[in-house]
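For reference, the structure I am asking about is given below.
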Amino acid sequence: MPIVTVKLLEGRTDEQKKALVEKVTEAVVETVNAKREAVTIVIEEMSKNHYASGGVRAIDKN
Amino acid sequence: MPIVTVKLLEGRTDEQKKALVEKVTEAVVETVNAKREAVTIVIEEMSKNHYASGGVRAIDKN
Amino acid sequence: MPIVTVKLLEGRTDEQKKALVEKVTEAVVETVNAKREAVTIVIEEMSKNHYASGGVRAIDKN
Amino acid sequence: MPIVTVKLLEGRTDEQKKALVEKVTEAVVETVNAKREAVTIVIEEMSKNHYASGGVRAIDKN
Amino acid sequence: MPIVTVKLLEGRTDEQKKALVEKVTEAVVETVNAKREAVTIVIEEMSKNHYASGGVRAIDKN
Amino acid sequence: MPIVTVKLLEGRTDEQKKALVEKVTEAVVETVNAKREAVTIVIEEMSKNHYASGGVRAIDKN
């Protein structure tokens, strides 16, 4: 039943995403006593022109 | 005023999405006493490499 | 696999929420060819001081 | 620490998005006493076939 | 049509939230050419035990 | 920069939430090459009358 959403800047490889999903699922199962098959993970990629911190987008930083 | 977000694996036809939006709006109007024009629906498609259950992404299931 | 989030102003009865969940699930199953048991729905209530349209919160409208 | 998500119909220029991020960050810093560098903003574009109000998608309105 | 969600640590006054909603709406209207009445804002408060950065929750920082 | 949201049924202890945040941060840092201090995690608890799968809310399952 846990639903995990991970927002990331684009640019990760497929292998990194696969590992992310495995390790985060593991972390959730271990700590909150959820069944593995009940854990859902969604990755949402952000492009550099759509993510900002401090008022400056990633694409506008040097 | 109800804001509905529907996350779906990619692969639905445009006709399916149109019907989804109509039927979900109907369901919300009927049950929570909202005005039809006040119901907002957003569809968010997930690619198969970005959705996982049980630690395995949709793209990695055979 | 569809994950549906419904944001609503607080004030609905438990019966309304139960009906909402049933009807929206039905609408999703019918239209996008998902299995009933794969549909997840989350209701998120908004208080009137936390929801605004047109720059005015629900609590500040007369 | 504030995390702001802005969902918009696609079609805005890059200049508009840059200005959006700057002005919204400003608005948050001014009003809730957050440090500028602690404000995160994510823009999420919606395509016209994925956004509906009143049961009709933007793409289906004439 | 823009839908803005602002996640904040709890502890802001009602006046701050009212001002937040007004100023953020203004910022959106000015920059992306949306009609004022079409802008929706949702505030979501996070408690200090539910927000973490760098692996440490706000409540666990001294 | 990764922003992780974890939706969970209510009922976890504070110790479980603390461990969740630590382990999930670890998992993200390890797999996608993010700096620890750049990882943000938000826990969102769902009450049993606001979460459903297969059209039945957790509170209505026996």
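When the chains are written out, they are named A, B, C, D, E and F in that same order, and each has its own residue count from 1.
Here is the rule we use: a residue touches a chain if its C-beta (ideal position, glycine included) is under 8 Å from a C-beta of that chain, and two chains touch if they have at least 3 such contacts.
For each chain, UniProt lists the protein as follows: A, B, C, D, E, F = Tautomerase.
Everything quoted here is computed from the prediction, not taken from an experiment.
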item: Touching both chain C and chain D (chains); value: A, B, E, F
item: Those chains which touch chain F and also touch chain D; value: A, E
item: Chain whose average C-alpha position is farthest from chain F's own; value: D
item: Chain copies touching (chain E, chain F) - same or different residues, decided at half shared; value: different
item: Higher-contact pair (C-beta pairs counted), A-F versus C-F; value: A-F
item: Fitted rotation between chain A and its twin chain D in degrees, CA, nearest 5; value: 120
item: Distance between the centres, which are taken as Cα means, of chain E and chain A, whole angstrom; value: 21
item: Rounded Å distance, chain B centre to chain E centre (Cα mean); value: 25
item: Sequence positions of chain C contacting 2 or more other chains; value: 3, 7, 17, 26, 40, 42, 51, 53
item: Each pair of chains that touches, named by its two labels; value: A-B, A-C, A-D, A-F, B-C, B-D, B-E, C-E, C-F, D-E, D-F, E-F
item: For the chain A and chain D complex, residues of the former touching the latter; value: 7, 46, 49-57, 60
item: Complex contact set, residues of chain A against chain C; value: 3, 40, 42
item: Residue ranges of chain C in contact with chain F within the complex; value: 14, 17-18, 21-22, 25-26, 36-45
item: Chain F-facing residues of chain A, complex; value: 1-9, 12, 16-17, 19-20, 23-24, 26-28, 30-33, 51, 53, 58
